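Shared chain: subunit A. Partners: subunit B in the first complex, subunit C in the second.
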Partner chain A sequence: MTRQQSETTFGRVNERLSGVLRKYRDTRIGKYALIGPTLLVVAVLMIFPTIILLSYSFNPYDQGAIQAGSTLAHYVRAFTTTLYQDTLVRTIKIAVIVTIIDFVLGFPLAYAAVRKGGWMGKLIVIATLAPLTIDLVVRSFGWFILLNGTGVINSTLMELGLVTRGNAPQLLFNETGIIIGLSHVMLPFMVFPIINVMHTIPHDLEEAAQNLGANRLTVFTRILVPLALPGISAGILITFVVSLASYVTPALLGGGVRVIPVVITETFTSTSNWPFASALSMILVGVALLVIIAYQRVLKEMEGVGGV
Partner chain B sequence: MATSDDSTRSIRFDQLVSRAGSIGYRALVWATIVFLLSPLAVVVIISFQESAYATWPPQAFTLEHYTTLPEKLGFLGVEEALFVSVELAVATGIVSTVLGALAAFAIVRYDFKYQTTLETILISPLIYPWIVVGLSLLLFINRLGDILGIAIELNFWTLLVGHVMFTLPYPIRTIGASLQNYDDSLEEAAQNLGATELESYLRVTVPLIQPGLMSGFVFAFILSFNQYIVSLFLSGPETTTMPLVLFSLFYNTAPATLAAIATLLMAGVLTVIFVMEYLFGISDFM
Partner chain C sequence: MDSADGAEIAIQYDGVTKEYGDLKAVNDVSFDVKDGELLALLGPSGSGKTTTLRMLAGFEKPTEGTISLAGDDVTHVPTHKRDTGMVFQDYALFPHMTVGENISFGLKRQGFEKGEIQERIDEVLDMVDLQGFADRNPRNLSGGQQQRVATARAIAIEPEVMLMDEPLGALDKKLRDQLEVELTELQADLGITTLYVTHNQEEALTIADRIAVMNEGEIEQIASPIEVYEEPATEFVADFIGDTNFLEGDLHETDGRVVLDIEGTEVDVNAAGVPANGGAVFVRPEKMNAREAGYTDESVNTLPGTVTRRLFLGSKVRYFVDIGRNVVTVDDSNKHGTTLHEPGDDVVLSWSVHDTRLAHG
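Right after this comes the complex of A and B.
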């Protein structure tokens, strides 16, 4: 009895909704009703807040309180104080090194995943995917176990007699620790776009080039890189921009060595100087935007050169 | 005579270089796989060794860190945080997937005047710095409260708003990809055979794009579940998430205890992924 009732209710809803769908499906209203909510979420939750962040970054901060008016003092402070200059340079340097390491490790891995296929390909995909799904704090903890003074790596090196307790390399609480940790975090972001594009490159091209006398290096620089460029550039872009803005890994593995996101968080949580934290955040957004814009230009110019 | 000798020697040298290159290449690939998995593996190993510290090499193995865990969990605040995190990740996954599905449907099926710009805007949270998402949303909520003259409390809902925002691009991409893979004439066929519009979407379209929907959901779920920095800014005093608790335990608890908690978490997340893969084949759209 109840079942029949629910069926008729469903029938009514079905008719009503289908009528609405039929009426608006091919109209402008239908089109914008679909995309509207998502667009609104992005606009209201990303663009508006960024504007407010920007406006905060111009607010004077005096005697422990935010004042009315506008000033460039926070930007001047960020760019002229040695401490913040160094931090900015260090943050960018780390992001560049991480991007290079991940390309050097990630390209061969992606290539092997696609060309070897089979169980090896599966193993590579699983090995790349697994860390991606694990909490950043847990992954940093793994690196803490590996890298600390008496950790896995240094213990093993001492066991092998390669180093002594006195001259064991310091791998944690410095830039090295941050670079190793971030390279691990970002590697999947480099590998997957390259895997996706590598699937579309016919293997015959490489064989043809090799039969015509090209060596591996030539095949790599003249065939693989130009054809895989969309994937490579996506990987490089994401790796660089996300490394630049990472907080968890540098905060846990960097010790006293700080990067911009760590300074932003510290400024925000331990002082009430929101304007300065906002200015630093805007600098981060600015660098990211510059990279994205410069990148699109480079890509457009390269399209003409590749021409395969 | 001398020339032919030279050429054979150079061929042999070439072969040697090529052999060395291929060995070096293989070593690099294996080293990278070890690099990817070793931080996860050592956490598991440390959780089973006897000492409370992360001593290496392990002297003896024990289950003690697991058997004593139940009494520690409540004290460390793990239980409550885990509950909040799962709830938040499920809610984020559902909202993000629904919004993402609608947007993906619009992008794939309709032509917009500024198609590329539109797609760029929708995908942009992907590269927008998470720390800026957190900080700017907090300032936005604050300003909104000022304008409306009320104090907006930071709680589960503010967290949800932030998490939906940064996870949105993932379902859009996975669902967009799966929509592109199938022929929309199937819907028409269903309708010609007497199905209503609603029925044709629910019974034909949704099942066909299910892998895309589910992988979008899993992506959003995992990103939300593991999110630290956005939650740091948007969580209130009453709502703490798992990554926040883990972060605070990092240097403040016995490494072996943290390792046991981390191992259980990894097992949980990997189980979710394997179940979803088995049920829905989500890996096609990862």
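Right after this comes the complex of A and C.
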């Protein structure tokens, strides 16, 4: 078969298939059958384990074994122990800071990628995407080289005489390390939704605003942010929720400084206290859900005002 | 700053050049716009007219030269500090704001009070005939209405000059004709100096006080619509504005007369002399009449030819007449007594020496 023939054959088959799908989709059974596989995967891999964890979290734990019955003791322990309180606050704080940093870094990147266009825009997209092709663990070791006490950053600072060995900043195995690492990991998730929405905002709206006397800040707050809100809110939500639940980067770069997912993993793997680990997991899920719901409320309010 | 006839100069371009890499989008352009005048920048796409306009708004920085607004050099003043009001081709209305919020956007930047802003919104909506539209969403308006809102938004801030970039380009012919009239009336009422970019020569002829015809980044001619049409300075202007018959032949001077020899028939040309770099002789179609074969008149230019096609256009009859070297277009007005010629008929074309123009190459 020549290339052209195969192309037309392929086109015909394709058309046939989409025709069948279109018809099928409009029937009641068809609709459910089409989303069925996805539902099944989500149910098996997400909902069932969550339900199992939820039920574990109420099981008493005594003498190194899970007992029958039901108790709130694990939740009480999580909320009343200073260690866990601090860890939860730290986890949320880090997620908030990472989200802010990524918005501050990501918005200009997304803006430049769209407005500059050409090779500059492509370069930004590629540079933002490239880290995703490298494994998280490998990337974290990359940060070791840059951030450790005698690493590239500190030795450069010492070379420039800005710091001495004695007062060189501690960039690794603390919150700073986690924040730097996570900001890097999460940046694409902030940049791409904003790039998408930025493509839909005509440049002449910015020019019109400037022409009417708006400086850069006003153009940003009154034109770009309201119009890019769908992308910005998606970026912020993804960045925040995924940061909250991330494990690898904080585990490697945080050292002794822990976040909730690290504590959960340690509890699961190094003790047999699954009920307590489950309770911690549920608290994390609860925080994420709370934030998502509250966030959507706020967005709805804003939409009402701005008329977006 | 005053021009020769005493009117204030609102806009001044002095040796303005804009380069994009190797490309000279605008090449050494200089002109003045008088206070209250409407100057149309007319040219084909890529002629540099829009770039010229955008440099006054501050969206582009000239590579060379200076631009002055009301006597002040604004070449390096940022856009938001220049006192211009721009109407964009696709209006650029803020989709997340109502009509009223669009109009108040500029007023808020100027620090007006809430009450004043409301008054001003009503006032400008009244001017563009959109009373009661303040709470509407611009996305739900027709093209013509959006255009009016864009105009209202630009005049609300009472700018020193108004900039219009093909403001009627996205509208259909009928609406365009109507808005042309309304825009010119509004512009004249407000007495606001306006720079108006268009590629539509009819639009430019209708609305402009003066037209600057641009080609390849340079201004070919800057003059009143009548002068640009009747006495185009260059072949490009003659060709770009209106329909034109270029007559091919041997151009020379005899006894102080400039004469074009078309295959043995001599045609007198309305020119003082033959320019060194030659020139193009042309006659507008409506200046010519198609007469019966054998017609003679010593006081005008005449030329024999054969009708190849006839178009009956209602108000006029258009003939395509083969005159040997080329085919010319002749528009006869449809009046009682005008003889209709058929394709294949031999005719004599007649037109006055005055209308036989010479454009520089």
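Simple rule for what comes next: the second predicted complex is superposed on the first by the 280 of 308 C-alpha atoms of A that agree within 3 Å, B and C clash if a C-alpha of one lies under 4 Å from a C-alpha of the other, contacts with A are read in each partner's own complex, and residues count from 1 in each chain.
In this text, contacts are C-beta pairs under 8 Å (C-beta built on N, C-alpha and C of every residue); 3 or more make two chains touch, one makes a residue touch a chain.
For clarity, every value in this text was computed on a predicted model and none was experimentally measured.
For the composite obtained by superposing both complexes on subunit A, the positions of subunit B and subunit C are free of clash and fit together.
With both structures placed on the common chain, the touch criterion links A:Ala112 to subunit B but leaves subunit C unconnected.
Touch criterion met: A:Val138 reaches subunit B, while subunit C stays clear of it.
After overlaying the two complexes on the shared chain, residue contacts for A:Ile35 are found with subunit B alone; subunit C is out of touch.
Using the contact criterion defined above for the overlaid structures, shared-chain residue A:Phe268 touches subunit B, although it does not reach subunit C. Subunit A is touched at more residues by one of its partners, and among subunit B and subunit C that partner is B. When the two complexes are overlaid on their common chain A, residue A:Gly213 makes contact with subunit C while staying clear of subunit B. With chain A fitted onto itself, subunit B and subunit C come no nearer than 6 Å, counting C-alpha atoms only.
Taken together, the two complexes place residues 215 of subunit A in contact with subunit B and also with subunit C. Within the complex formed with subunit C, the residues of subunit A that make contact are 202, 204-205, 207-215, 218, 222-223, 226-227, 306-308. Residues of subunit C that touch subunit A in their complex: 57-59, 78-81, 84-86, 88, 90, 92-98, 105-106, 109-110, 137, 153, 157, 163. Chain contact summary for the complex, subunit B toward subunit A: residues 14, 18, 21, 25, 28-29, 32-33, 35-43, 46, 54-57, 99-100, 102-103, 105-107, 110, 112, 118, 121-122, 124-133, 135-137, 139-140, 143, 161-162, 164-165, 168, 172, 196-199, 201, 222, 225-226, 228-229, 232-233, 242-243, 246-247, 250, 255, 258-259, 262, 265-266, 269-270, 273, 283, 286. Interface residues of subunit A, counted against subunit B in their complex, comprise 13-15, 17-18, 21-22, 25, 31, 34-35, 37-39, 41-42, 45-46, 48-50, 52-53, 56, 105-106, 108-109, 112, 123-125, 127-131, 133-146, 148, 150-152, 155-156, 184, 187, 192, 215-216, 237-238, 241-242, 244-245, 247-248, 252, 261, 264-265, 268, 274, 277-278, 281, 284-285, 288, 292.
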